[in-house]
Amino acid sequence: MAMGTVLAWTILLPLVGGVAIALIPQSGSKFARPVALLVTGVVLAMATWLWISFNPADPGMQFEIVRDWVPGLGTAFHLGVDGLSLPMLFLTAFLSLLAVIASARISEFTREYFTLILLLEAGLIGVFIALDLILFYVFWEVVLIPMFFLINIWGGPRRRYAAIKFFLYTLAGSLAMLGGIISLFLATGAQTFDMIALAPQAARLSLAAQTAIFTAIAFALAIKVPMVPLHTWLPDAHVEAPTAVSVLLAGVLLKMGSYGFLRFGPQLLPDGFERLVPLIALLGVVSIVYGAACALVQTDLKKLIAYSSVSHMGYVMLGIAAGTAAGVLGASVQMFSHGLIAGMAFLLVGAYYERAHTREISAFGGTARVAPILAGTLVFMSFASLGLPGMSGFIGEFMVVTGSFGPFTTYSAIAAFAVVLTAGYLLWMLRRVVFGQLNEARADMPDMTRTEAAAIFPLCIATLCIGVFPQVLVGVMEASVESVAKILGA
Amino acid sequence: MNTLPVLSIVALTPLAAAILIGAFGRGTQLPRVLALVAATICLAGSAWVWATYDRAAGGVQFVESVRWIPSLGISYIVGVDGISVPMLALMALVMFTGVLVSWNVDERPRLFFALLLLLVTGVFGVFVSVDAFLLFFFYEMAVVPMYLLIAIWGSTHKDYAAMKLTLFLFAGSALITIALALVYWQVGASTFDLRIWAGANFPPGFQRWVFLLMFVGFGTLVPIWPLHTWSPDGHVAAPTAVSMMHAGVLLKIGAYGVLRLGMTLFPEGLRDWALLIAIIGAINVVYGALCAMNQTDLKYVIGYSSVSHMGYVLLGFAMIDKFGLQGAVFQMFAHGIMTALFFALIGYVYEKSHTRQIADISGLMSRTPLVAAAFVIASAASMGLPSTSGFVAELLVYVGIIGRSPLLAAIAFVGVVVTAAYLIRMLGKILLGEPSQAVERIVDPSPVRLAPMGILAITIMTVGIFPATMYQTINAGIEPLLTKLMGG
Amino acid sequence: MADPTVALTFLAPEIIVALTGALVLVIDLIWIRSTDAPNTPRPWLAYLSIAGLGLAAGAVIGLAGVQTTLFEGIVILDPLSTFFKLLFLAIGMIVLLISVDPLPGFSKWSAEFFALIVWCTLGNMLLASAAELFTIFLCLQLTSLPLIVLIGYAKRDPLSSEASLKYLLLVLVSTAVLLYGMTLVYGALGTSTISEIGKVLAEQRLTPVLALGLVLLLTGFGFKITAVPFQYWVPDVYEGAPSPVTAFLSVGSKFAGFALALRIIVTGLDIPLNWHLIFGVMAALSMTLGNLGALRQTNIKRMLAYSGIAQAGYLLVGLAALSEMGIASLLFYTAAYGFANLLAFTAVIVFANATGSYEISDYAGLARRAPLASFALTVALLSLGGLPLLAGFMAKFYVFLFAAQAGLIWLVAVGVVNSVIALYYYLRVIWQLYVPEGSLDPISVAPRAGLAMSVCAVGVFAIGVFPEPVLRASQMAASALFGG
């Protein structure tokens, strides 16, 4: 089988699986999760296969596959991966499987739930491997609908508000992006939406045109990342979303934005990107500090993690803005790493919530005594998150800070110091949740279950692996990152 | 060439069936079975046309020509090009599903199906006519059955709505009558053959005013703002199958007429009025969406959303370029299928719960996941979300608009956001939450009722995911028009 | 054209009709003398009349190719006269058919009724052929006098008597006006033959006397064709007259007026007046006032009366074009309108027989009680409204098409706007038939009425779908008028 076909099947299989689950009769609801497990498992296997077959030395696209779609419009079904997208593909497959595992407790509308999860997976993977602008946009939007329903149906008490807010924010962004994409198409006059074919012509566009187009697209991307001040949908969505959905939301969905910056910026509209770099860097740093500051004052465990995501994604943006090889590489690693860590964080918060039916930090305390494994994992997650060496978070943030030191010395310094804030809110959280006086209400809190462990431990292992052997990840990325950095450096 | 007069079969089978039902259709079983048979024949015929239309060659194909009223040069000429082929397919689908949706009509089924089929003949006829008189003939034929269908089987304010609708349509056709007479004498060849008309060169002043007549005449049906007020009322009052045809297909006749008798004949006229059309289109989009936002009745929501969506068709027309036109035609098809699905769904919900008030309905998802899923698909298409037919259509229109006027594009985008807002709110309210009292008795529909929803939903997805064939068909249709618009 | 016997051959249809009327009366007399039950219905008398008219129609068709003038130009045979004669005969036959079944309030129709209708028809036929002013006058009297009797036939019905009196007054006035006009014209020009008038007028300037004469002449016809401003008598007379007579008035008399007007105006009045404008304004006013009047009516006969005024307006649109094809479209319109209007009246009579009412509000739910008759009325009204598959659509389209050719765009615009108004009140009746719930007792339709409706409906559909034969006939008639 050609590897291009495998690539296509990473999208098709979840789609087919999703439809299949939807068609299971009511009486067979209990098979929904096993089928979903099977599907996500196979997708992960395919992603692994792709990873192994990937040629790390080649900076260009690999495993390409092209099929006609709307020929007259010059848009085709064009897929492919390079060093930037492969890790994202793998991350999506990985987290999707874990999300399914973690959804054991879904009892209402089981079939619908897993159908939507699989559709979400298909959309997410599609975004990362689409090489046609319209196709990219299609998947970008496809993500919207399952996410909306996942939050709206299985979410918390204010789910409606959160879901609609999420939807409208993202949709407004998408429209700007669509406008940008179409303008790009028209401005180049290339009669094609193919990213690869369009790239040389797009790069030749005037500075003004590039800036205008990139601004429109960046608006959409920035909402997804999210960058302050466009982040306000995120805490609401996170808080209301069910655990597994939060995992995908923080773990993968946000990466769509930063991935988009890498794809559209240096590779399509370098001049427009350069023009916006100061703003991106500034907002990146603001996100880092503001996110961390907000996290510091949260009393809700999930909101805290949500704001920490804002903060961590700020590093990614700073790295991308820096444009140096180290910066971009750091950003890419941070994307992957944050996917793992945020996934872990939300799974843990979910576990805590299920035990206490509250996410108020004050409702916990001393949980290490009654649930040592759970508490220990929370500690582990916090250390990964604040960038302890030997864990993946360290690699990413370190590289970003060093990579951005050249172009943005001040920002880099602020970002470095912001780690203190991060440490602050995390450690303070640990002190209140894990250590200290045992809260009486939590006296009989059970420890981690096997299902939870099955979902969380793989993430811990992956975090450690990358922390210890970063070359596994960096090796795949390096060639592509070099080529990006070269464009920006030139 | 094939010798089977497939277009005549498609257009006239419903008429024959209507006469048969009128003459012999006692009881409830016979009328609906006959109607279904006719619908199946039409569907098969349209599918045949769809499959065998030579997209590479383009132009008008499957032509049948019979002299009809030779002393005036009127002939029965039917044929299809790339614009009418999708319309034919649309109508066949909506007819087939419409008959299924009406399967359980128990009030005067004989009259109902006879009128329904008469209406269908009129609509099919419009899409296959290559003779302007014939086109107008079929167009007028559809009006009265529509009136009676709404007046007898309708709901809310049916008398008022039916009369309003009929008078508006008739007023529109009054303008068309004048325009046809003027063109006939201007051409001076004693013929109504559109192919000959299209080859004629009209002086610019003539083009300007006659185009306006055609545009307003057919535009009433589109419906263009501010002549749209009959449309939501009509949608709401009509019985389900009629709403489906009405919003799904009848509005397209308006756009189709503007395209065929307006733009194709008078490219100069189109250029003169393009700005006006664009402005009206933009108003349609935004105003329709804002009105939809304020509605509490499901059918009104969709009724106004139709006003909004047809605005994109107008915008596409006004752009006078390849993408705009492609998008407009694509949107005609996409909107037809999507609205038909909406009305089929609302009709089902109303039948079971006896309410269409959004406030009274909630928790459909838990009562009937299939209907809920179809609602989601229809809404996604309505919002122009990817992998639905609505996406491709709106994408093409946007490509057209952005190239011409970023300002209009921005306005259209506002329309999209508002559309998303009202649909999402509506979906959230009716699908989710605890089932309300009104929906207690709703269950998954029976196969006969499910089939139309399934067919329409699948069409939406199929066309959205594999738009290439549709695209090529439409492209074959607008190619000559485009040459004329660009060259002239 | 010397030989009078030949001339009589050419008048065979008229002679047959005259004899039929006489025969019916005579047979009836004999019957009454020879039977014990003089009051039993005698429908076969009607059938006899119909047969006579049928025979006459055969004769007209047999003479269709003849184009000639008789008696030194006072009678003319041409395709135009053939067209109208056939139309009048058809109308006569259908009216006789629907007169067989007596209306409520009448114990019977007697032989005089049938004979009078036959003679009225004769008058109309002669009018179609008349080509000289005083012949025209005589023929007009021949149609008018029987009508006065017919309108007042329902003696016990005060409305009927009142209508009869009104019509009598109208006839007196219009006759006087006409006669005065004819005298003035004759005095000014020295000839009364229409073709001669045309020739003389072409060489002469328009004097005030002559102008007055022409105006009076046209006024006389105006009453006949019920166009504005000569329409005031119409609603009351139509409402009061027995329904079959109303049906006859609404088509037969009106068309006779048009037959005359056409001949005189086209062949006679070749003078530099803006006929387009004069007839255009008359047409526009007739359509508009007729339709607006009809909007307010609650009685179906009055509504049809006003609608008839409006329809006269559409016919005048064809006249206003004053081109060969314009006249052809007018002729086509008469045929289409004739069938549709007779169909409507037949259905109205059927309903009146069953419900005893002409109020539209009493039509509620009739579609369930009498589906075929309701369908017939629907078809008739929709045809009058100008919807496709039906004769009215084609007719309106042709009229407007050729008015546009003559440059009368404004008139076409008035016409199409009026079509919309008209549709409103036609649809309202249809709505009454189909939508509200009413009694469910079935209404039986007499076979004769059923036959009449079938004939008319077939006519309406046939002209609507295959208009070519009628169109060709009307073109021939019109071209004869212009060419010959």
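By written order: A, B and C. Residues from 1 in each chain.
As a convention for this text, contacts are C-beta pairs under 8 Å (C-beta built on N, C-alpha and C of every residue); 3 or more make two chains touch, one makes a residue touch a chain.
All of these numbers come straight from a predicted model, not from anything done at the bench.
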Contact graph of the chains (line, ring, star, complete, other): line
Most remote chain, CA-based centroid, reference being chain A: C
Chain centre separation in whole Å, for chain B relative to chain A (CA means): 42
Intercentroid distance (Cα basis), chain C paired with chain B, Å: 43
Between chain A and chain C, centroid-to-centroid distance (C-alpha), Å: 84
Residue numbers on chain B that touch chain A, as the complex places them: 322-323, 326, 365-366, 369, 373, 376, 380, 383, 385-387, 391-392, 395-396, 398-399, 402-403, 406, 409-410, 413, 416-417, 420-421, 424-425, 428, 432, 466-468, 471-472, 475
Complex contact set, residues of chain C against chain B: 382, 387-389, 393-394, 397-398, 400-401, 403-405, 409, 412-413, 416-417, 419-420, 423-424, 427-428, 430-431, 434-435, 467-468, 471-472, 475
Residue ranges of chain A in contact with chain B within the complex: 22, 68-73, 108-109, 111-112, 134, 137-142, 144-145, 148-149, 152-153, 160, 163-164, 167-168, 171-172, 175-176, 178-179, 182-183, 185-186
Residues on chain B engaged by chain C in the complex (per definition of touch): 68-72, 111, 133, 137-138, 140-141, 143-144, 147-148, 151-152, 159, 162-163, 166-167, 170-171, 174-175, 177-178, 180-182, 184-185
